[in-house]
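Structure first, then comments.
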């Protein structure tokens, strides 16, 4: 070898050490960013949160009082879109993974799901407004908002189901068939119960997504200020993410509603954090159970 | 008997599942249909809101004006008809409120019942006049000539440099500034996010020991879970002032602020997908490189990155797509000025932010409403192209293996 | 001739123990081999022969929770010594893997890789070395017109010979082969064996194989491993005709495996 091996070796080692140090720093920077964002919202938001904040109506041009109607509204929307998207999404996932072979049908369905997932959330808002609010005359309502949000989260549910089913080894299905079980029985008694933990974990994470989305509800349900609770699915509601948007950008008095904004942001973050922790805990719990078997 | 029922149940459930399986296809088709139905209507209209007209003197040879020309005339940037292909005659701008400059109250009638008549007279008298009139003020034997404006075309829509959909008398519907704003902000975001995302993906997949990786992954998952409006809020309160102070700008709401927020939001996508791609590199290939005396780093950039490059590019493109479609955070921090950007330190306005900000105030079925849906179509096509590109890349990757 | 036997062994292992976590994978292996010999490591699956092979270029470092004790000497140097340059060690020891594993690069760049990562930049030198290595691995005639093409376009057997060329390009003194023909068809296998035979004059070769005939055909010495232990190590002729240990006998005659 013509160059001096010791020198080359030193150079190789040095560049590796430099690059790895750089990468470590950059990864640390990302953690730092998260810590700053969370820390900022927690530190500023915590003083705003108390029992009254969570249970009172907004008062005085949304600069005082609480965010109760927004909490209730977001809860309604989450529930509504779950009712719509979860059954259909799970069934769709089952169909794609269990009933289609690798071929044009499966590829088409998967491409369509991918495309739906790639559509920006504001486009869902446009569509929800055109179809549900104006086309079907639901008006600005929980129903229109839930359907729009449900459509948005549908690809997530389908993919979660599909991935969970795919992870089940084929030998379990074959074993069940060998005992004379039909396809449906196999899916219901063997495949689905085994995949359920993963499906549930994925669905929990998708709830976080639903509760934080703003763009799809802008024109389908969200009310700027509505200090009463909904009575039917055709009522408008306030929602947490929209409320945060409103009071931080266009409230009557942005400066004096800051505290409310911090509090709302913290509530939103706490919801996501709680769902993430729950999903992780479930993952660990089920993971252990599977290992024990 | 029992098997017959069983068979029926099997088939029935399969049918039900098939219907569910088709729902995404149905949804995509419906979305396309509704979006384009509402948006496409724009291209048969003239840029004057229904219920109003633009009128000229009958002797005026000008046959047609574009929205931009009308705007320039009413902004008094064009003052002579010769500039728009007419006679050498100075332009007289007239709107209904100006009528009192020409007629006394008595001439207009005590309940203003003669106004249409007087307007008509005036239109006949003044050769250089251009009037913007509500249709209810058009007299039966109107002495002016109603001027048809050029219809809105797709080309004009895409290439127009001015976005002012509520402008009177003619809406300015050019979305070039919005397209450019979207591209600038999202490309800058990826430019910032890519090095960090890639470094972190490599760090987690190759450098960090398992324990650190196990801490980092939930952190990134959490980063992905935080709602965009919270990022927007954070950006508004922390990043915007920071950008303003750092670059000593009049306002902090700039493309850069948007790009920074979007970069943070795009990180999870880039990290997760790139990390998967890196982990998919066969161990044997890594070992072969190490066995030839390459260091770990040489192995990473000479073997692992080339091997996983399609996954990494898919991650990047997907990140761009997400960034282009992101609405709330961008709306809150970029300043939303619909001008063609010259520097990232200027306020910018993206397509999703425009829709979010303006749809609420546009009348259902009106010009503005249709224009926003057309904008939605443009955004849809942009993201569709991105998604298909990603599909193509992943398909090719499978093929090459 | 007698003098050769006194000369220091090229490779030596003394009381080598290796643990994967709690699993005791190699149990006190002691063995030495001479320059320009081919040594075959045989034994049933999971007996530790591949693990042992990977001790010589410290490839086991890559597996977390691995602990090695004992002494591994290459050219008289303790390779597990703290001051050892692992990348330099690996540069001097070529390795060929079970399945062909070319890089996602051109045929030329695959062979040039080892030179480039070790700081060689002289284009003429690299081109000469690439050609020589491909000639040595009997692949030159088949690929000389398509050096710029992707290595993935080659057949499995060609890919494996490319991997051998890649290992030879950095002029190692020792070549480790981990079942190099197990994923190949009989014709490609024959070519690889022929190649090993030719390479013997210049290199010390350690080859792990499942294939008894292959071990018999190509090696000077054979080591039989069983359950992490070295059961018997001797001239290949003796191992295959007159082994001292009955387990060795049972294995080489195909009574278990």
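Letters are used for the chains, namely A, B and C, taken in the order the chains are written, and counting of residues starts over at 1 for each.
One rule holds for everything that comes next: a residue touches a chain if its C-beta (ideal position, glycine included) is under 8 Å from a C-beta of that chain, and two chains touch if they have at least 3 such contacts.
These numbers were taken from a predicted model, which means no experiment stands behind them.
Taking A-B and A-C together, the pair of chains sharing more C-beta contacts is A-B. Central chain by Cα centroid: A, whose mean Cα position is closest to the mean of all protein Cα atoms.
Note on chain placement: the centre of chain B and the centre of chain C lie 60 Å apart, centres being C-alpha means. Distance between chain A and chain B, defined via averaged C-alpha coordinates, is recorded as 24 Å. Per-chain CA centroids place chain A at a distance of 51 Å from chain C. Counting partner chains per residue, chain A has residues 12-13 touching two or more of them.
Multi-chain contact residues of chain C (touching two or more other chains) are listed as 87-88, 91, 117-118, 170. Annotation for chain B: residues touching 2 or more other chains are 295, 298. Chain contact summary for the complex, chain B toward chain C: residues 209-210, 282, 284-295, 298, 302-303, 306-307, 400.
Those residues of chain A whose C-beta lies close enough to touch chain B in the complex are 12-13, 15-16, 19-20, 22-24, 26-27, 29-31, 33-34, 36-37, 40-41, 87-89, 91-92, 94-96, 99-100, 108-109, 111-116, 118-127, 129-131, 134-135, 151, 154-155, 158, 182-184, 205, 208-209, 211-215, 218-219, 241-242, 244-245, 248-249, 261, 265, 268-269, 272-273, 275-276, 280. Looking at the complex, you find that chain C touches chain A at residues 85, 87-88, 91, 115, 117-120, 122, 125, 170-171. If you check the complex, the residues on chain C that touch chain B are 57, 59, 62, 64, 87-95, 97-99, 101, 103-105, 113-114, 116-118, 152, 163, 166-167, 170, 176.
Of all residues in chain A, only 1-3, 5, 7-9, 11-13 touch chain C in the complex they form.
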